[in-house]
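The next block holds one structure in the form of structure tokens; read it before the comments.
Note that the chains take the letters A, B, C, D, E, F and G in the order they are written out, and that residue 1 is the start of every chain.
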Amino acid sequence: MSAHLPVLQVLIPLLAAPFCVVLRHRDIAWAISLITSLVCFAISLMILDQVLTQGVISYFMGGWPAPWGIEFRIDVVNAYVLVIVSAIGAIVSLYGRHSINKEIPRNQIYLFYTAYLLCLTGLLGMTATGDAFNLFVFLEISSLSTYALISLGKNRRALTASYQYLIMGTLGATFYVIGLGLLYMMTGTLNIVDLHNKLADVDGSLRTFQAALAFLTVGLSLKLALFPLHLWLPNAYTYAPSTVTAFLASTATKVAVYVMLRVFFTIFGVDLFEETGVPNIIMILAICGMFVASTVAIFQENLKRMLAYSSVAQIGYIMLGISFLSVTGVSAGIVHLFNHAIMKCALFLALGCVMYRVGSVKLSDMHGIAKKMPWTMGAFVVGGLSLIGVPLTVGFVSKWYLINAAMEADMMPVAALILLSSLLALVYVWRVIEVAYFRAPKTESNIKEAPLSMLIPLWIMAGASIYFGIDTDMTLGVAELAAEMLVGGTP
Amino acid sequence: MMDRKPILRVTAKIFMPFILLFGLYVQIHGDFGPGGGFQAGVIFASSFILYALIYSLHDAKLVLSSVALEIMAAIGVLLFAGTGVVSFFYGENFLNYNALAHDPIHGQHYGILIIELGVGLTVFSAMTLIFYTFAGRGR
Amino acid sequence: MEALDFISPGLYNYWIVIFLMMAGFYIVIARGNLVKKLVGLNIFQTSVFLLYISMGKVQDATAPILGEGFDTFSNPLPHVLILTAIVVGIATTALGLSLVVRIREAYGTIEDKDLLELEDETS
Amino acid sequence: MFIAATIAILIAMALGLVRALLGPTIYDRILSGNMFGTLTIILIAVHGFLEGRPEFLDIALVYALINFVATIAVLKYFRIKSPDKNETLQGEEP
Amino acid sequence: MILDVLSWIFLLLGGAFVIIGAIGMLRLPDVFSRSHAAGMVDTFGAGMIVLGLMLQTGGINLILFKLVLILFFIFFTSPAANYALVRAALADGAKPILKEGVDLQSSEKEEGAKPL
Amino acid sequence: MSMELSILLSILIPIIGALLIAVTGKIPNLRESVTMITSVALFLNVLTLLGPVLDGERPELQLIEMFPGLTIGFKVEPLGMMFSLIASGLWILNSIYSIGYMRGNNEKHQTRFYICFAIAIAATLGLAYSSNLLTLFIFYEVLTFSTYPLVSHKGDENAVKGARTYLGILVTTSVAFLFFAIAWTYAAAGTLDFVDGGILGGNVEGPMLGLLLMLFIYGIGKAAVMPVHRWLPAAMVAPTPVSALLHAVAVVKSGVFTVVKVIVYTFGIDNLVNSASAGWLVYVSGFTIIAASMVALRQDNLKRRLAYSTISQLSYVVLAAAILTPISAIGAALHIAAHAFGKITLFFAAGSIYTAAHKTEVSQLNGIGWKMPITMTAFSIGALSMIGLPPTAGFISKWYIIQGAVSSDNFVALAVIVLSTLLNAGYFLPIIYAAFFKKEEDRKDDHHGDHGEAPLPIVIAITSTASLTVLMFLFPDVALELAQQMIGGAQ
Amino acid sequence: MNLRRSVTLWIILYIFWYILSGYHTPLLLTFGAIACTISVWIAHRMDVLDQEGNPIHLTLKIIPYWFWLGGEIIKANFELAKMLLSPKLEISPVMFKMKTELTNELDRVIYANSLTLTPITITVEQEGDELEVHALTVKAAQDILGRDMERRVKNINDGWEG
């Protein structure tokens, strides 16, 4: 069976989803999604192992060779992303049961798990596939289920948030398909590696490449919420059910970034990509995003919204790293992909616990909460420190690499800007710490610590954001391999 | 309601069986041209939606209930993905149907037929379901 | 026929594509009514279908289906792609519409402007 | 000759679009939308001939069906959804 | 050859009527009168073009049959859609622009029906 | 006991202490006993390292290697040895004093106070033993954050405002400048280890070296070189034991300690002398000395006057290091110790006056010397040390600094020292004069008119620190030996 | 279930299938049979299998009517085209209600649709024996009231009792 791992990775959640519909019971649906996501995680680890030991895995649907058949092609880069997505998926499933039972109407819970599994399918599919159009299909599977998941939020604003995301997301996906269509006209293929090979022979003007790349970039930027195309994100993250927010924040945008890496480095290649001038634009937008979003985050009263803006800023870091076009920079971007997924997951899971017990994640409702929920807030602090980039947390590792990439490129001011924006992160994290730890509770209430079934996944993530801040062999090692491969131009 | 709209009702009545059959035709002949399942699903769903529009949602649900549709959608997905899995057990890649019959040509045909059936079922039930919720909520 | 070259397949298509793109995009951005935005979105997506239709003859790839007495299509790929894109488009529209219905239920309006006011009140 | 027909259809589509934009009532727009749909079907059919791709006829048929269903659906939707009749009839919101 | 010429004539005629109908859409004063023009495009214009295509199929075959289906479909659904539209407009309170002072009764023949 | 274990214990003992304090928080006597035992144990543990270090050994402990070239590790060198001795030794006295002060003033949140205090000490020792800049940076930040609750201890609006200024300035400068400088150093030298003779020689040159030095100096906000001194007066909202911690035991000492370490082990004195890009530092620190003294002259609030005195005294250390001669470097090291003993005495005295007489202003101190003879005698000894007169420690350190300035013909430095000595005398001698030779004014609204000496623990503490100030003058051998060893390596 | 109508519908559908299919292999023909059965079954469930929904009784007589109607459509279209192209848009729209003599609901629908298919007149509402018609010219309105078309529709259905 090990030969079929790439397709099983995507197929298992897809097959599991209908069972949730047919069986209809919320606990059974939860059990299905938990088992499925654990299996997915195991498979992703096996795939990573295979890739690291045997090199690139190529799997052709139906046995037809490229470019006709759809290929699942897994190298270090996407093996790594598969691990991230499925790990977060497993943690979130483990965590979600109580939170979902509380936040979602009873008769819709089985639909929630169905949509969740479909979303997982889409994200894993996007990552695993080697066909650019197939990627679009998976993108839409994940997007559609995401819209559904967001709309399940309790507040009625979840509906408008979902609608807003639907409009922006669809625009993004359509831009992507247009860009892809232009590439297809030039090359006649949709296979990513094939595209790379054939683009080299196309003697089109720079204009045509720019046009195609522009469409692809704008489309993907919408999906990954690159400033200033992030407008859908704050509402979506704020009003979605807590579990969904945690899942989306740590997977959806990450996968979109991965796709962008593929487009930039695998399809176009560093040289052509650099020639188009797009990297400079991305760098500027990334830096603007880091500052604007962090600044806005400081003024948020709703913590989910605060973290949402922080995500926009963090995406800025990732894109900044990529825009350096150097091994160090791209490594920084890729490792931050992983690191940010972990820390944001921890943070949103912590907020999920607060939501579960307090019923609100507004700062004004959290005075002195650390006394009542020490473990939850402890994990929040760990995540927050990581967000700031404090040494011994994952956030430090990526920021260190990022700054080094800037220094390497002789861009001292950029390095300084990275640090200054970390200060903004410090301000918004500190606001929470001060309120949670140093303010007296407004009213006497009998808020208890969150249940263990939520705390354990939360602390797995919090622990991971410390562990991988100290032991960087795995994350950095793989990220560097991936970056070398992408920047080195070997598809 | 239905008695007051004879023009629409009669038009729908005459067309309904033909639309349904056309849907099935597209479904079965899908393997001669790609994408049959989807088109068939759309056509089939359109006929149900038309029926619900001209008669009523209640009437449409009597013909096919939401629960039945949800289960059909699920079966559709299972058919689609499950067929591919079968090929594993013959040591072939996912979606490789050469294994499904004695000779590869027929194997592929059966495979595609079943897959398209899955797609058609899913598309049909998903579209109809969405319409049901949409129309059911709108008053 | 040379005078009419501008409408020969390969050129006039692109003008339509561009026009539809612009029109759809404009409607999505400028319209305040949620349904109209969806209509705009659909028009925008339609431009993609046209784009893919107009490249029907780009390459001479053959269908990966084994022949059995009947001919294979010259290049079925765009065909498949369009259909897929249409499925996605329809699914998106349907989901969008059901969201609009629920928004109407929750807020009593589907105008952007009114929604913003209502949200400001509650938040 | 196919091309002449194509041009005619495109011109008609453009004129229909003008009406759709002018309105003034929602029904004018639906009417031209429906006409636009029919013209699209014909265009697909003619285009199929032009390109030697008769399989486009299937698409045309499906499109015709959807066009019809969509028109009925939209009419039903808008009639139900306009508690204030004058507003709908004036079409354009201020 | 004759079929060809006939086909061209149908195509041109269809094209012409499609355009004329579209012009009618623009010129006519209200949604009720415009629906006449729309019907013209939907049925006659479209029908002529499809007829023209039918003559190009070169014999009785599947393509011809599908074109017939399209034709049938258009002819059956167009009046229904048109009716649904006009009825909806009327029910919504739209007032048709009518010529005033017309007395259909006066010019009526003996055995004719009476307008209510 | 192995030396590795001693190093580890130096950090672990206060942390374990903090945990025990948390556990025993409900029983004040037990809690305070834990504090005392911990501080004594720590001091004894630190003492075990002194012998080997004096014998020329440099015990090392590598804790974590995050990635190649970036480690969390410790290495005890003479300067760090001296600093750790000061910090752990003064902690004992400060604990004694704290018990008297906190109980005497009925302060709230005492458990939190002792916990944070212990953590701050742990951070200080970690900082003192750091073998590289990154480790140092981490403990530097831990120190900042662990002292925040101490500074904002009173919890009223004023305290929170002051604490925020404290945190804001220290963190901002450390992240924006210090961390940036560290990253730059790493990018240039490929290592962050403290090495005899520095690591930057040949890597960064000319004006860039000056710029880097500037980033370090202003990044080390704890050294309070103007204009980043604002946090120090702002932190005067803290209770007196905390002020003592800030001014004498840990915080500002960490600042100047870091400055000396960076100049000696990162830049290398020779390297800086050769490149002549450190000249500006003499002026900047000189200006700070004079300006802060003049501000101190105008302060009526006793603690504020002491605060500005600290700013001025810290710049002595910076100036001494900036003179860039071995002798002045010895002076710098000695001045860290001398100022520690002197200033803690002065703060203890201020707190003692507050506890016993509830007086905070200089103008209220007329005749107080007769009511609180021990306190005011100790105060006088501290003041003499600040001015640099025998028989106090301040004389010795100042002597070395002057020698350095003379030997390098640095007349600017010399002039600054002479002028500032006059100014120091100008703001300290009037206090002593008023305390002993002016008559107390009769004030009817003063309910605390009748008071005697402060509580016993305070008296014990203050006597001990004053004695240390004198003892260091009489027996400067150990301190001198350590300081010389530090320089010995650099030559 | 109306067995006669079900069977006839099945047969008609199967012919439809046979023509559409093009590939007359046993497999596809079997599929066709299944498809027709499913369609009839659903149609039955939808309750569309009555004389309105499956008007097989009209098959022969309606064809001459179609030819006649075709002629009318052509005439009316040219008339409307002339009106639309003339610089002065000479229209005189009228709308009126009338009672039809047709007794059968299906006939009424055929009549109403025929009116709509020929330009210049459209049916706005048809309910029971009452018809509301919009005409672009007074003359067209008067033609309707002349009842020529109505009689022809009545003829199609002559002799059949529903």
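Here, a residue touches a chain if its C-beta (ideal position, glycine included) is under 8 Å from a C-beta of that chain, and two chains touch if they have at least 3 such contacts.
All figures in this text were calculated on a predicted structure; none of them were measured in a lab.
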Notebook entry, point to check: What's the overlap between the neighbours of chain C and those of chain D?
Noted result: B
Check: Of all the other chains, whose mean CA position lies farthest from chain B?
Finding: F
Next item on the list: Kindly work out which chain lies most centrally, taking the average of its C-alpha atoms as its position.
Entry: A
Margin query: Using Cα averages as centroids, what's the distance between chain D and chain G in whole Å?
Written below: 23
Check: With chain centres defined as C-alpha means, what is the inter-centre distance between chain D and chain E in Å?
Finding: 14
Next item on the list: Report, in whole Å, the distance between the mean C-alpha point of chain A and the mean C-alpha point of chain D.
Entry: 41
Notebook entry, point to check: Distance-wise, how many Å sit between the C-alpha centres of chain F and chain G, to the nearest whole number?
Noted result: 100
Checklist line | Where chain G touches two or more other chains, by residue | finding: 20, 23, 112-113, 123, 126
Check: Hey, what residues on chain F touch two or more of the other chains?
Finding: none
Checklist line | Touching two or more other chains - residues of chain D | finding: 7, 55, 58, 61, 65, 68, 72, 76, 81
Check: Taking the complex as given, what residues does chain B use to touch chain C?
Finding: 31-35, 38-39, 42, 104-105, 108-109, 112, 123, 126-127, 130-131, 133-134, 137-138
Checklist line | Residues of chain E defined as touching chain G within the complex | finding: 17, 20-21, 23-24, 27-30, 32-33, 35-37, 39-40, 43-44, 62, 65-66, 75, 78-80, 82-83, 86-87, 90, 96-99, 102, 104, 107-109, 111-116
Margin query: Going by the contact rule set out above, which residues of chain A touch chain F in the complex?
Written below: 390-392, 397, 400, 403-404, 407-408, 412, 415-416, 419-420, 422-423, 426, 430, 438, 469-470, 472, 476
Next item on the list: Write out the stretch or stretches of chain B touching chain D in their complex.
Entry: 8, 19, 22, 26, 33, 39, 42-43, 46, 49-50, 53-54, 138-139
Note to self: Can you tell me which positions in chain B touch chain G when the two form their complex?
What the structure shows: 4, 6-7, 9-14, 16-18, 20-22, 24-25, 27-29, 32, 51, 55, 59, 62-63
